[in-house]
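Just so it is clear, A, B, C, D and E label the chains in written order, and each chain counts residues from 1 on its own.
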Amino acid sequence: MNMASEKAKTELYPVPLTIEGSAVLHQMFRVRWAAWQSVSPEDRKALVNEAATVLGEMEKDGQSALFSLLGHKGDLMFVHFRETFDEVNGAELRLANLKLNQFLEPTASYVSMVELGLYDSSMKAYRMLAEQGVTPHSEQWNQVLEETMERSRQAMKPRLNPKIPDTRYVTFYPMDRRRGEEKNWYVLPMEERQRQMDEHGTVGRRYAGRVQQIISGSIGFDDWEWGVDLFANDAAVFKKLIYEMRFDKVSAEYSNFGTFYLGIRVPAGKLGELMSGMLPEK
Amino acid sequence: MNMASEKAKTELYPVPLTIEGSAVLHQMFRVRWAAWQSVSPEDRKALVNEAATVLGEMEKDGQSALFSLLGHKGDLMFVHFRETFDEVNGAELRLANLKLNQFLEPTASYVSMVELGLYDSSMKAYRMLAEQGVTPHSEQWNQVLEETMERSRQAMKPRLNPKIPDTRYVTFYPMDRRRGEEKNWYVLPMEERQRQMDEHGTVGRRYAGRVQQIISGSIGFDDWEWGVDLFANDAAVFKKLIYEMRFDKVSAEYSNFGTFYLGIRVPAGKLGELMSGMLPEK
Amino acid sequence: MNMASEKAKTELYPVPLTIEGSAVLHQMFRVRWAAWQSVSPEDRKALVNEAATVLGEMEKDGQSALFSLLGHKGDLMFVHFRETFDEVNGAELRLANLKLNQFLEPTASYVSMVELGLYDSSMKAYRMLAEQGVTPHSEQWNQVLEETMERSRQAMKPRLNPKIPDTRYVTFYPMDRRRGEEKNWYVLPMEERQRQMDEHGTVGRRYAGRVQQIISGSIGFDDWEWGVDLFANDAAVFKKLIYEMRFDKVSAEYSNFGTFYLGIRVPAGKLGELMSGMLPEK
Amino acid sequence: MNMASEKAKTELYPVPLTIEGSAVLHQMFRVRWAAWQSVSPEDRKALVNEAATVLGEMEKDGQSALFSLLGHKGDLMFVHFRETFDEVNGAELRLANLKLNQFLEPTASYVSMVELGLYDSSMKAYRMLAEQGVTPHSEQWNQVLEETMERSRQAMKPRLNPKIPDTRYVTFYPMDRRRGEEKNWYVLPMEERQRQMDEHGTVGRRYAGRVQQIISGSIGFDDWEWGVDLFANDAAVFKKLIYEMRFDKVSAEYSNFGTFYLGIRVPAGKLGELMSGMLPEK
Amino acid sequence: MNMASEKAKTELYPVPLTIEGSAVLHQMFRVRWAAWQSVSPEDRKALVNEAATVLGEMEKDGQSALFSLLGHKGDLMFVHFRETFDEVNGAELRLANLKLNQFLEPTASYVSMVELGLYDSSMKAYRMLAEQGVTPHSEQWNQVLEETMERSRQAMKPRLNPKIPDTRYVTFYPMDRRRGEEKNWYVLPMEERQRQMDEHGTVGRRYAGRVQQIISGSIGFDDWEWGVDLFANDAAVFKKLIYEMRFDKVSAEYSNFGTFYLGIRVPAGKLGELMSGMLPEK
């Protein structure tokens, strides 16, 4: 073992491995209710039918979902999970060309990619490579890491390309890790970041069965680093979970949060009910 | 008593218990006065009647209220307190489909849930559990805390599902506890946070009878952590109270405040008067 | 003298007394010049006459004033000083229902209440009460402070309900005292704040006769803590005064400033001239 | 020499003298190209002619200038230099009432007053007054400073009421001196500020002949403290100059910068060419 | 060697040389889909043909490119690389006067100039000049630096005036180096900045062949200091690269990032397909 590997042992390579799955788009729209009111019942029906048919196809296999949003940030939120950004953009263009779109005004969106962070496996791999004195970014190093990621991709395939959970409520929000002058996530040692993420995960796991979480990464795609979707059948649990997590070191000291969107699921088949001013029952 | 409980005694579990009540929505609208001017007196009357009837129903049991806002942030504010977010969304959709809505433009909103923070009971329960050496998140631990919350829910039921107070004035604003690099509420020990909240409450209690306060939590629902509604028959008292509180440690050092909305109550039956350009007398 | 009063002597009660006067509203509007151009001269005249008549009534006793604003933040600013927020809201609704309002677009506003801060009298009263060992918030304590405020209200009545000064220029801006992690106004001792306010006032007094200043408080009413109106017949003096003040400790270290609005007074009777595209001469 | 003057010698009066010249307005507009497309060639010609005539008059003596802006922040920028804010507001109202204004949408503006900072003369005067033991703000003190300013006004008259330079490119941006918790310009000693300004000026002077700079002060008039206009016949030089300056202590540590607007000069006589979609050649 | 050069040796001149190439404009537009829907198929065809012809000409030699954007920040992004800002503005005006522009709404833009930073050559030149005791900004000093830049301009000509790479995906974002109270890029010694830039470049070079990067400088032209365009045929690699770089000292501690735009390339010839609601295949 040489000097370089000694150093490597004490200071691990800092970049955690991640694996990527579905391309994701969240779209928020305000309904132009005033204009919608002037549409005849027959025309409304035709417009809704066209939209419900397209959305119904998209819903298959949990690829897309519609939510009725609370508050003025939007009335509708469409969420799309697809194999590629091309398909996501295709879905977006298809909705944009629906006749119903004449009554929708885009207010927000979020572009991301389902991401699983591999803090544990990364740390193990980096430690092993360091102990073996393998030079970072050498062919051997790259190969070991690629194998690590590939094993995870196989093991976690359903989580990389998830169906949109079929719960009553969703909350979506983007977030960053802080790069403050004193509290800077990106200069913490790998071990400390792994420890904090692990603590954080422990809280999350206590909510298993009550909340499903899907994390998507948006570095390079949108204005925050990650998007978080929480799905549950009891909306109050979102508050409980996020409040409890806020006391975790990683949230308390190293996280910034963006805008929150709270939505209620509306299946394609009930779009007409929603557009006539009634929230469909579960 | 074992080592773990020793530690627990010196460093209490940090997350204060909260209990949740009504789902809440604040909606701010600007009136399209220019368009409204071109409506004939008969049509105005019909539009106002429809809206006043719906709003009148919603007002029953103090579930919804209308306020005339000061300034350009909005002309009208609707506040809704309901059992569930489904009902809140239902109220929102119902208003959106009123004909009067053609003359309303949404400018802001706030989504939250009535919340009572149980700092005192939490601290007592956590201390007792620690002294008894009960492992956090064990079945017994969960049960004790659930009982603590349930007792509070019973004792404070009217405060969890309050009627909207029938005062002349309201001020609404959202707020956060700070997570600054040096001043970070979420890393303070439980005891210190409880002490500051207690000091804060003491100031508030001196205004009992003059100001009614309803706190709602919005973590996971909207962009700030809490919403505050103050109700009074003398608007100047809002300034007095909030200014006095600003010198409390918890406000001075650990609070950020959002946008303030000052409104004057207008009962459904006087909507027509308001829409004809006159503020109804008390 | 007991221990408590000893402590009180060394650390004075921190909240300075304030007395409140007129309710205040600033309203900024952009003129829809394009739409205005298509109005016939006769209709223009009728619209202007109606508006000038209403504004003329409001101008009586210096209660309301119109200013032509510089720049894109607005073309017109209406300032209203009234006894109550009800009357302020009434004035707002009355303007909103003018036919001329079809050509006005609200861009900003500010809601506040004329405020006089009583740092000097507060400190004297708190010192005396402390020396006499009077318990804070006791009946006696409250009575002494209420008397202090009442005396000031009587002595400063004209300043609590001022007429809008009849100068050529106005500048309006909102401001906050800072609550930074290190520089936090609200945790400074009363004596230090009084000292800084006194230094600040000394600068202001050197501009007596050239600038009239009206401070209004907006805690609980709008998004900043105070609004400042400066009135002068020479606009350059605004810059001189505020620049000089910026070197005061209270401005340099403890103040944040919002948006500035510079306006030129236009009497109601000259509204027609302004709306025809000419700034009325003084 | 007494004690007071001793102190004064060691700590100079902190407010640098400034002298003021022309009132300034920058106006940014987006062209409503879609609406413009539907105007007939004859009507276009008439609209352009009216506007070009008015602008042509304003251009005389370098009082106003039109620039074609790059990017979406605006298509046109008008810059006005006038004797008074009344004349500036008059110019603004005149443009607002042009028929061409139906196709312009205001996007931004800046209100300021040409300012020359007299750091060197201020320091000399303050030192002399301190050595002579003259009490600050005494009649004698005021007189000496007024004479200092008057001498500068005479000497620098052309720079106080400059013509808008006739270069091909302009860049405009507003800026502040920082009042951070640690880096606070306004608490630095006069000598240190003078030293930094001098260093800054040295960089600027190396660009003499290639860049003309006009500084205007906006404290009390608009949202930043100063506006900067740079004029050059080679746009790349803006980047070179500002980048080099950014390493000056005063820029690196004590400056915040606002929005930048890059424009290309278009003389009134070539407005028609621009409005037909072609950038006029130099 | 004299004292001055000794100092110069220990503290190098701080401003890195840069060389400039093409003027650059990024334009983001939202499509008015609702209005577009009401256009007849024939008119659509004519509008698309006109636009595609103009865009087709602009595409020659990789001067302009069109991208379909994901999310609500815009539907289309045009990127233009030209010799001068005059040509860039000309391209902008030409697009603004297309009939298709009636259906486009500008949402964002970015103005910059291709820039190559010469940290390595700057440091060598500054060292040499210091060792030779050449006075900064003397004629000799200027000449040596001009020669340094000219050599680089010759050697890197294709990188100064690049063709827009012909990849499927682009991500564009602006960025700043931080000037925080503690972490301030502009006060770091030249050597340290060079070291960090070198580390950063090393990461980038590992992505050679997978990602093409074009940096443009915008100091003096737009609101951030630099714009970054990354081009790739696999969008996920943007996230990988930027995430890895975020752990570099220069990104972790000294960088702020603006809004991210993710786009998919659409050749002029396929504009019709896109405007009919389908993303053209590669």
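As a working rule, a residue touches a chain if its C-beta (ideal position, glycine included) is under 8 Å from a C-beta of that chain, and two chains touch if they have at least 3 such contacts.
On a predicted model such as this, the values are computed, not experimentally measured, just so you know.
Enquirer: Interface check for copies subunit C and subunit D. Shared numbers divided by all numbers used: above half gives same, below half gives different; which is it?
Expert: At the contact between subunit C and subunit D, which are copies of one sequence, the residues are largely different (under half shared).
Enquirer: Using the average of all C-alpha atoms in each chain as its centre, how far is it in Å between subunit A and subunit D?
Expert: The mean C-alpha positions of subunit A and subunit D differ by 46 Å.
Enquirer: Please compute the C-alpha centroid of subunit A, do the same for subunit E, then give the distance between them in whole Å.
Expert: So the centroids are 29 Å from each other.
Enquirer: On subunit A, where are the residues touching two or more other chains?
Expert: In subunit A, the residues touching two or more other chains are 181-182.
Enquirer: Just say which it is for the chain contacts: an open line, a closed ring, a star, complete, or other.
Expert: The chain contacts form a single closed ring, each chain touching exactly two others.
Enquirer: Using the touch rule from the top, order the ring's chains starting at subunit D and going via subunit E.
Expert: D, E, A, B, C
Enquirer: Could you pull out which subunit A residues touch subunit B in their complex?
Expert: Subunit A reaches subunit B through residues 30-31, 33-34, 37, 68, 70-73, 75, 169, 171, 180-183, 206, 230, 235-236, 238-244, 246-247, 249, 251-253, 258-260, 262, 264, 274, 276-279, 281.
Enquirer: Mind listing the subunit A positions that touch subunit E in their complex?
Expert: Going through subunit A, the ones touching subunit E are 14-15, 18, 20, 23, 25, 27-28, 85-86, 88-90, 92-94, 96-97, 99, 101-102, 106-111, 113, 115, 137, 179, 181-182, 184, 186-187, 217-223.
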